[in-house]
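One chain, subunit A, links the two complexes that follow: it is found with subunit B in the first and with subunit C in the second.
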Partner chain A sequence: MGKERKAILEIEHLHLDYRIGGRFCHAVHDVSLTIHSGEILALVGESGCGKTQTALACMGLQPESAHIGKGKIYFEGRELLSQSKQQWNTLRGKGISMIFQEPMTALNPLVKVGKQIEENGRNHGLGKIQARESTLSMMEKVGLPDVGRLYSCYPHQLSGGMRQRIIIAMALINDPPLLIADEPTTALDVTIQKQIMSLMKTLNKELGTAIMLISHDLGVVSHLCDYVHIMYAGTIVENGPVHMILNKPLHPYTKGLLGSIPSYGKKDQRLDSIAGIVPSLENRPQVGCQFYNRCTQRMASCKNISPHATMRDGHMVACHLYPEEA
Partner chain B sequence: MRQHDILVECSQLVKEYKGTRNKPVRAVHDLSFSIRQGETFGLVGESGCGKSTLGQLMVRLLEPTSGTVRYTNFQDGRGNRKQEKAMRKENQIIFQDPYSSINPRKRIGWLVEEPLIIHGIGKDAQERKAMVCSILKEVGLDDSYLDRWPRELSGGQRQRVAIAIALILNPSFVVCDEVVSALDVSVQAQVLNLLQELQEKFGLTYLFISHNLQVVSYLSDRIGVMYLGGLVEMGDTEQIYHHCLHPYTKALFSASVDAFDSVKEDLLLSGDIPSPSRSPSGCPFHTRCISCMKRCIEENPRMVEVSPGHFCACHLIQGMNT
Partner chain C sequence: MKRNFPLRRYFSNIHFAIGFYMVMTVVSLMILGFFYIPYDPNAIDIAHKLQGATTAHILGTDQLGRDIFSRVLVGTRVSLLIGILVVGFGVLIGTPLGALSGYFGGKTDEVIMKVIDTQMAFPGILLALMIIAVFGTSLQNTVLALGLMSIPRFTRIARSGFMKYRNAEFVQASRARGASHARILVLHILPNIVPELLVTASLGFASAVMSEAGLSYLGLGMQPPNPSFGKMLSEAQNYILQAWWYVLIPSVAISLLVMGFNLLGDGLQSINQQ
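For the complex of A and B:
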């Protein structure tokens, strides 16, 4: 650290709303984050916190019904949200690639996996022979054995771990500067999860691909990432270097998330779980802190005033417990 | 191990399914162990290793191909419908996915009451309703849920309803089949706390099936590690967590990512779990084992007691002893 690195992706005050019952409900509310080249950044939160919506907006893949009210997304200095359809198409798969959660459903079951990887290369200007060569070398890079044979396999012939490797190969064939991985290991077994994690770490080191990892598993995040953003109900409540967040969490939600993780060390004691659940889109408070209803340390000011992000001990937190220093 | 406090005992349990070309698929293979009264027995392993099949065999949702499941304080009721019904009352199972295990077209009150009607418990509707309300309160819901539909409930609330349905008959043995894996971390912690409270209150015995090692080592008194239909290691949680011997257990614990514990030796398992229809010769784990020997390919190791209560099936350990 310390060295000034190039920002790859900058999200500035992104708002993403859905219209429910005649009014706009915020799925993503005022999210700002920056990913530098070669960095692994994590977005952590429970389901329904807007992690995936943020990622989809960076790819221009948000549903038709979503409305991006305010905010800008810059990729290598270029503004993305005002792009035309053609410009999006040249960006996806070449500038930014995405890995989805379910390796079983993300592949086309009727097309050989090699062809599916190759297609992404061909779409971005690789010749026939060139595309095939880079497909095979990419398959080797992601640790698949016997690539000549696997090239002409269909997805159903492969195991979950192998399918996820195929998807990673597909995402990386054009050597994109940024990879968005949406819960890449959630559907996999622990031993396979470990394999995929170490593969992603190696690829990040070797190819210098920046990774935006979306996860709900702080265990995965702690082993893979440099920087963490904790999201709750569409807003970022805390962010900072991973070891800071894990060892000195400040926001009550982050503390709750960490307290909820069961482990052998916590045997014979109850887990400090967070009461309640993430409020659905239409039930979110209009003003004040989003976490108010579930927070154990709430104060009078939390109900009516939205907390502002402040710097504390080297990381950012948005909570009234940590007021701005005068 | 004292004989009298055993609640459920399996011996040489085998479950085979018919595979293609009449080749049997061995889901559970020659498995013997017992669960003690009042304990939580954790069962871990990768998907496809037969954990859920074993869980369903233990509550007689599946009939074993050979071998027996024996309950010590009630009849298993084989061949006797009346006794079998009584056995069903003592054994309950909670499933993984609360979205598919609850009938979406019935109200919560009806769903929780149904087991009472089936077993003829409670004089009249009034008494049954009171019982339903009291169990709903135990699982952290209230009377207002009686007339609600499953679709109105979140995943955590549905899982609470599933727990209420399982516990309303006051069973002695409950199989929890991946009950928290479909839930978010904070809700998962709520349900884990609830399961512990209920166990203390009603003296329940759990078979807790999960692939999540943190959850299992947090909750269980004893742990069994399954691989390809058989147990490879079994012992107290402390023995397994700190002094595991089998290479598979070691790899499994090293692969599990713990947010608080980053200093672990890195044992990366290559490859996937073999298909149970083509299980390898000798030790089932030899295709992925880092310390595979010639003997492992030829001969399947037997379970031996390494230290009191700690069993392991591996030639490496047996080699050290003899």
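For the complex of A and C:
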């Protein structure tokens, strides 16, 4: 991370808790990460690991029952968590855009898609004609054919892939420095997934938009990202440049995730899976490693002592297998 | 669904079709009344009282010799006008309340719904009687009374609709684009619950017509000599043995309207669910 690039988004020690039965249960625990301009950062983990909660907190859209205890989020040097509703509204869609998992439901079924894209431009101060022009050019940029006709289509007339392109166009119309993509391809079939991923890569190159990509699929991430953060039960267990994580995973959880990706090399072999599920909010241990009960390499110390992040082979890992003094 | 006839979807629903024609029968009577009324509906002609159908009076005459057909033509105006005003009142006040309640939830929701529930617990006709007893009988007060009665149903429907969509992904997405609450409420959610509101409006219309007839029957709605279905019915009941048609005619008119709007509402509902 030593390159001379401007940090777009900095999350510092973010804690996000839910109050369940009079007790604070942390959905996000001490998460720190930095996204620099023009880079793609992936947040990877199973469902329920707090990836989406982290992303929503950056948009100020965390559920009302959530409570951000400690931590700071800086966007282009400005602290976000203390800003007013008005400031949030001007930031959303202009400074940070977000695209959602499900292209079928993320569009208003009763409004023409062109109008929906345009609305986002108009919300942030574009004039009517200007907004329409940039809508059409944005629709072309995301690879939609025949934009004049598609402009006045309703969402139900379009395929899933087209809708996801519309959503991307909508997110990028104001040329935001940061795009948060919450599992943008999960609801699409594989060929379309590939197209959307390469589209995002292209847009990242052309427009210089930094992307925070949330995914549960390391396979998808490997082609696209510069940095990967592996998240488990609300904490980041390992992070670093993507090739390092993929080639030399350290944390048992990362190894487990990698082991569960099908590939040519593993032909005729059984795919590994990580036994068990992510513990629910109420059942997460207060101390010790969150991954303890599913870990294949657990030790006695894992249960009682929370692991600290250590640098190892150019990336960061939080696991007792890699003690700090080394 | 063919493009050249977009209403086909509606008319292929038997409830909607029947309801539509029933309502249209009454509406066309009303329209006829604007252009042609055979007699002054309030003109008394004792010499020809309680006559059956004749060529001069095609639906006969009442106990004061007034032409029943003319009175029906004018009576439809009252019923439909009150229906429209009452539903309008309910929609304009009930929907925004429900929208705020469903969208914001929490304290707002609790306060609004407590008030609405309290109002629902009140027997409707009693509330109407109370208002009319206090403010006196007039068209405005009838509309006010029935309108207040119709607010809760719109509030409840709007609330459930806005609750359903407040965390919908497209709403979340427009929030993520920096849309204000007002924008989301009016432009993004409201259009999605129009079908439900239409059904409610249709059913509300039926019950407004019914309640108006009830109030007039009790002598608290339209005041004589102005014709109204409920009033005609209450006058007719004294002559039920001499002039059965006099009872039948306003009853049929009320039934047509009430059943028509109920069927219309049912039809719309099942079309929406398709």
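Methods note: the second predicted complex is superposed on the first by the 316 of 326 C-alpha atoms of A that agree within 3 Å, B and C clash if a C-alpha of one lies under 4 Å from a C-alpha of the other, contacts with A are read in each partner's own complex, and residues count from 1 in each chain.
FYI, a residue touches a chain if its C-beta (ideal position, glycine included) is under 8 Å from a C-beta of that chain, and two chains touch if they have at least 3 such contacts.
Source: prediction; values computed, not measured.
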Clash or fit, subunit B versus subunit C on superposed subunit A: fit
Subunit A: partner with more touched residues, subunit B or subunit C: B
First (subunit B), second (subunit C), both or neither touched by A:Asn89: second
Partner chain in contact with A:Gly259 - subunit B first, subunit C second, else both or neither: first
Touched partner set for A:Ser65, first subunit B, second subunit C, both or neither: neither
Partner chain in contact with A:Asn108 - subunit B first, subunit C second, else both or neither: second
Which of subunit B and subunit C A:Met98 touches, first, second, both or neither: second
Subunit C, subunit A and subunit B - angle at the middle CA centre, rounded to the nearest 10 degrees: 80
Shortest span in Å between Cα atoms of subunit B and of subunit C, once chain A is used as the common reference: 8
Intersection of the subunit A residues that touch subunit B with those that touch subunit C: none
For the subunit B and subunit A complex, residues of the former touching the latter: 46-47, 154, 156, 184-190, 192-193, 196, 211-215, 217-219, 237, 241, 251-252, 254-262, 268-270, 272-273
Subunit C-touching residues of subunit A, taken from the complex the two chains share: 59, 61, 64, 88-94, 97-102, 105-111, 119-120, 123-124, 167, 170-171
Subunit C to subunit A touching residues, read off their complex: 106, 168-170, 172-180, 183, 187-188, 191-192
Subunit A - residues contacting subunit B, complex: 46-47, 159-162, 189-195, 197-198, 216-223, 246, 256-267, 270-275, 277-278
